[in-house]
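Next up, some structures in structure tokens.
Two complexes, one shared chain (subunit A), two partners (subunit B, subunit C).
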Partner chain A sequence: MAYSDKVIDHYENPRNVGSLDKESSDVGTGVVGAPECGDVMKLQVQIEEGVIIDAKFKTFGCGSAIASSSLATEWLKGKTVEEATAIRNVDIVEELALPPVKIHCSVLAEDAIKQAISDYESKQNND
Partner chain B sequence: MTTDVKQIYLDYQATTPVDERVLEAMLPYFSDKCGNAASRNHKFGWDAEKATQSARETIASGLNAKAREIAFTSGATESNNLAILGVAKMYAAKGKHLITCSTEHKAVLDPMAALQNEGYEVTVLDVDSNGHVDLNELRNAIREDTVLVSLMMANNEIGTIHPVKAIGDICHDNGVLFHTDATQAVGKELIDVQEMNIDLLSGSAHKMYGPKGVGFLYVRRRNPRVRLEPIFHGGGHERGIRSGTLNVPGIVGMAKAFDICLAERDEDHQRISALRDSLQTQLAAELTHLSINGDENNRLACSLNISFAFVEGESMLMGMSGIAVSSGSACTSASLEPSYVLRAMGVGDDLAHSSIRFSLGRFTTQQEVNRAAELTISTVKRLRDMSPLYEMALEGIDLATVSWGTH
Partner chain C sequence: MASAFELLGVPVTFNLNESDINAALRSVGLQWHPDRFACASAAEREHAEEQMAEFNVAHATLCDPLRRAIALLDVFSCPYDPNGVNADPEFLMDMLEIKEQLHDAKQNNDSTVLNKLIFDLRKREQHELAQLAQLFTEWETANNRSQDLPQLQQLLNQLHYLDRTIETSF
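Up next is the complex of A and B:
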């Protein structure tokens, strides 16, 4: 199948690959997908005073999954928590020109963002 | 191959380029020798008939069969359909039970499923982790009303070669017809339909450096005489079992291709298996967490199917652009189902998504193998560095014990 230039760019030059300390109280981690489905995304955000100051990802999955998570981290940096939770999978589909069979990659990315933020929020509530 | 130098073709189990000698043999039959092999009253027809007859003899002799036991078809899919549906319908009064196995090509499994919808019973044998059926299970599966056993000679995804002679002997002893889909083996493995007790055998030209769109079905004429209900009706060509004007250039090309394969088999086999082993060794020297799919002691010389744990197949293919290989991951399809062959062998879905099939051939060079190894290694390393699964494995987390969400 043909990939869009943006998918190829994110695949070849992924932004923000890596890991943040998942034990840290200002870091939220989201891990979504399953190996047997062929996609696992780990997305992490570091939040300071309601603003995402860093975001990292690691993804096991196809090029579109890698690109979706890479794009998500790029978008997350500098956003407030509120703005981050407003990111929708369709925004990712549109930006990366994902074909219908790859829409689930964008859904995973949206889920990962939500899970990472909710992990961060639950850490705050427990403090 | 004389294609773009940057492109390396390692997908010979999908299809092969036409050998130049084959193309040369075919060309006159598109133009000057344009006759219809069924035209009985002029030289064009006689020449075409002569050419197809000579092709029939070449193919038959390569299988230790008789020329009149070879029927030409449009390819192995048609041959498999004709063998399975043809036997099932012709022998329906004797019984309506057939046996096959879970790793067969869809061109066998789908006609079997179609028969099930028509009230036939099909036993699908399981395979072990190397892709082999248990011969005792096969023996036990044969019933009074069993009319056909269809088991492939060599598997298209993993290259495992079934013990065809042992299977043929079991079928013969039990009075059951034996069909083998030999698409991947014809021209590569030695085939003797007498010694192996094969009653029906499917082959295809384009897997052995011949053209696409032409194949054959061997149908035993003696001990026993196998009879088939035709699928196509319209002219009674091929002794009534396959109507339709013969694809004369294709048939000439297929015979030439088979002839070359037989003449050069030993050299090709030796050279290709050495290249395959070189590829496997280079990958294993640089990468951990590899698993070879298929029977390493009994597989096609051209075939190398590997699971690269913690990286997904489609993303690997993307990184290896310029190298044409196949992935066991079906992430490209809407189903998200990985290879059913690997799954049948007990390979987990995670590893099935991580598998790549390299298949080498006559025109593969050591330089191409080295380049493919280099690109595979760098791609796997790069993708593992961004794989959460690899990170977890390095942390000592057993991925099998993690409870994953669903999506």
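Up next is the complex of A and C:
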């Protein structure tokens, strides 16, 4: 199986690797994984007035999982919360030209986005 | 299709020991070993070989605790769906941290740290396997199996992460 140029580019030069302060009230954290391959993905967003001003990720897994989360953070920056939740795994599959056996990596990224935003929202509701 | 337990004629339980599983394979092997069919017709020989192959797969399934657990859940019509379980976020965060430490230790060629991490992972795996065995003992005889199923699947899910993490840490 050959990785697309875009996957290789994200794998070799991942964007936005790192962490945001998990305890901060304007940061939402999502952590998801795939038990069969043991991949784990953490995706965080920092939100100000409904807009994502920063996004970071940390993924331990295959090239596609790294590329999916790297691309997701790139897309998330500058988006409103509403636009972010509209991101679908198929968008990632298309952009990265992921082969069928790697589609679950894009699903992980979509799940991580949703979890991060719902974590942020539950923090806001608790305030 | 017959389950691995049925094929080898061992009790349908998670708590099997390896020597019993080996003895079961030897006993069916005595009957079906291809050497016994050296003078038989080609069709009979082929059948014996197919049987032996199935027994070997069943043996490998039963010897691996995670595969044995999944086979057992199948027998009880509670198939394990790895994606149907929502892993505990704290556990995943913990795995992420361990993976990061493993990654750093490999980058720094620090075999002392690496070995310690793998040692701890193995210890944790053993601990969770013992927990799994205990859970299965209760679950197999429970009246209401669906009640404790989520807990069992959760543990099985965590064990898969541990197993994969150990395997990819070298």
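Keep in mind that, in the parts below, the second predicted complex is superposed on the first by the 124 of 127 C-alpha atoms of A that agree within 3 Å, B and C clash if a C-alpha of one lies under 4 Å from a C-alpha of the other, contacts with A are read in each partner's own complex, and residues count from 1 in each chain.
By our rule, a residue touches a chain if its C-beta (ideal position, glycine included) is under 8 Å from a C-beta of that chain, and two chains touch if they have at least 3 such contacts.
These numbers come from a predicted model, not from an experiment.
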Taking the superposition as given, does A:42 touch the first partner, subunit B, the second, subunit C, both, or neither?
both
Counting residues of subunit A in contact, which comes out ahead: subunit B or subunit C?
B
Classify the contacts of A:17 with the two partner chains as first (subunit B alone), second (subunit C alone), both, or neither.
first
With both complexes overlaid on chain A, does A:58 touch subunit B (first), subunit C (second), both or neither?
both
Check whether A:31 is in contact with subunit B, with subunit C, with both or with neither, and answer first, second, both or neither.
both
Answer with first, second, both or neither: which of subunit B and subunit C does A:66 touch in the superposed model?
first
Residues on subunit A lying within both footprints (that of subunit B and that of subunit C):
31-38, 40, 42, 58, 60
List the residues on subunit C that touch subunit A in their complex, please.
82-83, 85, 87, 89, 92-93, 95-96, 99-100, 103, 157, 160-161, 163-165, 167-168
What part of subunit A is in contact with subunit C in the complex they form?
31-38, 40, 42, 58, 60, 115
Subunit B partner, complex, touching residues on subunit A are 1, 3, 8, 11, 14, 17, 19, 31-42, 57-63, 65-66, 100-101, 104, 107-108, 111
Under the touch definition given earlier, write down the residues of subunit B that touch subunit A in their complex.
310-315, 318-319, 329, 331-334, 336, 338, 348-350, 353, 385-391, 399, 404-407
